[in-house]
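Two complexes follow with chain A in common, the first pairing it with chain B and the second with chain C.
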Partner chain A sequence: MTPLAGRHRVRLCLRLVAAVALTLIFMFPIYWLYMISFKTASEIYAFPPKWYPSSFNFDTYRVLFRDGDAATVGNSLIVAFCSTALAMFLGFICAYSLARFSTGGKHLANWIISQRMIPPIAVVFPIFLLYVWFGLVDTYVGVILLYTAFNLPYVIWMMRSYILDVPRALEESALVDGYTRWQVLWKVLLPMCRAGLAATTIFTFVFAWNDFIFALVLTRTEVATYTVQITHYFGGQSNFWAKISAMSVLGTLPIFVVTAFMQRYFVRGISLGAVKG
Partner chain B sequence: MADLRISALHKYYGNVHAVRGIDLEIPAGEFTVLVGPSGCGKSTLLRTIAGLEDANEGTIEIGGQVVNHLPPRERDIAMVFQNYALYPYMKVFDNIAFGLRSRHTPKNEIEPRVRRAAQMLAIDHLLDRYPRELSGGQLQRVAIGRAVVRSARLYLFDEPLSNLDAQLRDEMRGEIKRLHQELGKTMIYVTHDQVEAMTMADRIVLLRDGIIEQAGAPLELFERPATRYVAGFLGSPAMNFIDANLVTAGDTLALRLNDGAGLALPQRRTANLRTRVDRPVVLGVRPEHIGPATQGERPGLARYTAIIELLQPTGSRTYATFDLGGTRAVAELQAHDVSTINQQIELSIDMNRVVLIDPATNRVLS
Partner chain C sequence: MRSGQRGTFRERNFKYLLVGPAIFVLLLIGVFPLVYLLMVSFQGITMTETSTDFIGFANYRQLFSDARLWQALLHTVIITAIALPIELVLGLAMAQLFLDRLPGRAIFIALLVLPVVVSPIVSGATWALLFNHRFGPINQIIGWFMGRETILLWTINPNLVYPAIITAEIWQWTPFMFLLLLAALGSVDRSQIEAAAIDGAGWWRTFFRIVLPAIAPVMTVAVLIRGLDLFRLFDIVWALTQGGPGTMTETISVFTYIKGFRQFETSYTAAVALLVIVLLSTLVMYLLRRVELAR
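Our next item is the complex of A and B:
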């Protein structure tokens, strides 16, 4: 072995070790969270800490499903899914209008995105009062509407820049070849914006999924989301660590699944937006 | 019957008056080239014909039907775009078949028609590829294939060759012209390139600032330009324009240049000029109509002694720059007519072929 090749190998090994160490550091909190959910109470409080449960104990999950706590994850899925679908649909056509017809003049897009800058806490109580008036508190419709409204500016802003990247001639050529505007929108533009749509969809979904403040104020029991449910386990006297971690596991799973499925688009979409946005 | 009739067409973009009253009739089967510098309104005119822009005033008739209010898909047109406008997520076959499918052409017709169009353009071996796997020239062939696969009444080309390199452009020029002869369809072709216009057109429509400067057969525009602008736009190298005065010289007329030299006009060209004697005119002379003087003059040739300032050999011809009556002029000589600069040479100018322009109106004097 030549000295040069040897040095090369050492460097490769060092990089590998560093990568593994970093991954372990970042993975550890998630590992810990998952492990707590399978531990018994005594294992959770054991000192020195137990690195893994003696046996995988699903009791906490069983309780969560029996008592209906797990249904809050279902609520989160429903509101996140519906509001994302709605925001993507409306946002895409609004973005098309802004990008291609300069609807509202030059600055409407800037005004729209400025709406997304508002801190949720600043508007949530006025909205609560409004919702009481309309009877929308603790309803799916209420939460979905709010998430849609809150995400719409982001979707419009992102999709507008993706649409601006699509050469106009592609649309014009389709118009000449026999398409209507609507057909152009769905059959030409949509496939051209696939990567951007996927990335924007994930961000929109994650916002709705992770939201706490709106859900805390606007839901009670019927449509409470899992983020709100977790807070119930922080008691004055005791904290239910097993339930907290089990609910958190249920809450992180969909994000893992969604991201794993859409990773390909995700990376491309973000970098596209970064360059052109 | 005319396939396209445009009357009194106007188009505004905000305050910009892009098309300023155009009347144009294009008979069936003609290859018309709209040519002019950028910003002359040629692309706007084409896009208005296609329905991609709305006309503000005037009417557009395609095949006898007023189409002002029809969307592009109902105008019976096919169009080729400058940047190809191919769908990157579709294979070449599907790109070509796009217009047929969107018009619900029966399935069993699509395949043979796509194959025939591809064969015509020599791209039948590329049908299974994606656009990103093709070269610029191949992409443009596919784009043309997309248009010709449809049987439209009117085919529109918006600067289709301007993204290609020079050699490919020459090749595709011939290809499109051949395609026109084969299909016999009415085609309107927009370009800023006067060589494309000259070589391809049955008729050139030269636009300037949103109006038609002159329209006619290529050689008609080249040999009998109506204005100084047309004379200068067509031809490469461009026509030389020299300030002069019209004077009497014996029984004929002559042009007195600023350096005192006189260039006699042939008798037959003086008929309508007698009234303009002692007034300024602009002499327009093409570089190819200036050559080295020889013994045994032909009538109508005027001699001029020049000092060559610059030589640009192109192979078979050499462009020689010299001072002609105070203006820098170019002569197109044979490769070996002149070999060194600062050389004095006796030139002869073919006064039968020159144009005389009224400097006040910039119109060519008949």
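Our next item is the complex of A and C:
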């Protein structure tokens, strides 16, 4: 072995050790959170803390399903799904118009993205007052409408960036072939943007799924999402930790699975399209 | 070949029909509330006062004398000023670590991404469990290093709450920086780096002269996105301290929430919310002009 190859190997080993250490550190909070849901009360409140349960016990999950707490995950699913579908539809057609006709010029595009930057706490306050007025507090319609509006700027911005990447020539030749603009939009452009649509859909869904502050203010009991439900367990003693943990598992596991499959879309999605991933 | 010349009304206005519904929703949920907010901010509605008479600029005058508000703003800035650079540097170091070939690279990256998709309220709750003074593992681990039982009150002790919040924040968002910077590093022109190496430039010199300028635009965007997110920080603080002890860790979002939904100072909260919107919009407009976000 030449000295150079040896040094190379040592370097690779050091990098590998660093990588493993980093991953363990970053995974530890999730591990700890997940493990609590399987511990018995005496294991959770053991001192010094126990790092793993003696056996996997699903009692906490059983309680969550029995008491109906787990239904809040269903609420999250309903509002996230509906608002995502709505935001994707409205956002896609709007993005097409912005990308191909420069509708409203740069100002409209900038205004739309600036809507995304407004802090939720500032808009949720007047919306709450408005919803009280219209009787929309704690309704699916109210929450879905708000998530749709909150996600729209993101969808429009992302889809505009993807549509701009599709060559115009394809659409023009379809127009010559006698397609209407509407048909071009759905039959020519949509299939070309599949990757972008998938990535944007996932992110829109995750935003709605993970939201806390809007749901905290605008839901009570009927449509409370899982994030709100988790905070109901705060501040308690006894078995509340187990519930926080089990509820978090129910709320994060679906997203983890999706993330695993959508890895390659991630970079562009989280960077608002600024970094082509 | 412009379709507008021969098109029907429908054809000519097609582009507006497409934009219409989205703009309508944005106006309804984005702009209408702002107008309403403006109106309420000139009234004097509180928990006990329901009169909608206009009282002029009283709420706005109160903004300037409200020490708690400016402290909340300061807390937000402090957390941002500490967390953001750490996330950036740590993310960059991690990106550098995973840039070249490494066994299991894809698996490491897939795992490291997970904190980003955890709901911030869940990560706040997670860190509350980890930082628990008695049943959490962090004090236990510190105890091992100290060689004796250590009880640190992370969410209560004024000296420890900020480190706790910032740790949770860094854990959740460093992977975000890492991902963006990894993509950016991957697209740096290799031939330039090799040319620099042939010219005898050391690693650090190459890094600062060639790599860093090349990834600067991505770094700017990443800092911009994260900076704005940090300005709105709510969930993690809510889960860990609810702004406490006292009002020590109130961020601007936590402050607004407590004023509006705990103390029901409706009109004053409207003024605060408007102040936040004006501050942030000015910042965003300025930055958007400076940085070309996505072409």
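Assume the second predicted complex is superposed on the first by the 254 of 277 C-alpha atoms of A that agree within 3 Å, B and C clash if a C-alpha of one lies under 4 Å from a C-alpha of the other, contacts with A are read in each partner's own complex, and residues count from 1 in each chain.
As a working rule, a residue touches a chain if its C-beta (ideal position, glycine included) is under 8 Å from a C-beta of that chain, and two chains touch if they have at least 3 such contacts.
Computed from a prediction, not measured in an experiment: that's the story for all the values here.
When both complexes are overlaid on chain A, the residue A:172 reaches chain B and chain C alike. Once chain A of one complex is fitted onto chain A of the other, the partner contacts of A:219 are absent, as it touches neither chain B nor chain C. Between chain B and chain C, C touches the greater number of residues of chain A. Legend: residue contacts after superposition of the two complexes on their common chain; A:96 is shown touching chain C, with no touch to chain B. Of the two partner chains placed by the overlay, neither chain B nor chain C lies in contact with A:37.
When both complexes are overlaid on chain A, the residue A:153 reaches chain C alone and has no touch with chain B. Shared-chain residue A:75: touches no atom of chain B or chain C.
Contacts of A:83 after superposition: neither chain B nor chain C is touched. In the superposition on chain A, A:204 contacts neither chain B nor chain C. Residue overlap on chain A between its contacts with chain B in one complex and with chain C in the other: 172, 175. Looking at the complex, you find that chain A touches chain B at residues 167, 169-170, 172-180, 183, 188, 191-192. Within the complex formed with chain A, the residues of chain C that make contact are 1, 3, 11, 14-16, 18-19, 21-23, 25-26, 28-30, 32-34, 36-37, 40, 94, 97-98, 100, 102-104, 106, 108-123, 125-130, 134-137, 140, 143, 171, 174-176, 179-180, 182-184, 218, 221-222, 225, 228, 231-232, 234-235, 238-239, 252-253, 256-257, 260-261, 266, 269-270, 273-274, 276-277, 280-281, 284-285, 288, 293-295.
For chain B in complex with chain A, the touching residues are 50-52, 71-73, 77-79, 81-85, 87-89, 98-99, 102-103, 146, 150. Those residues of chain A that touch chain C in the shared complex are 12, 15-16, 18-19, 22-23, 26-27, 29-30, 32-33, 36, 44-49, 51, 90-91, 93-94, 96-98, 100-101, 103-104, 108, 110, 112-115, 117-123, 125-130, 145-146, 148-150, 152-153, 156-157, 161, 164, 172, 175, 181-182, 206, 209-213, 217, 227, 230-231, 234, 241, 244-245, 248, 251-252, 255-256, 259-260, 263, 266-267, 270-277.
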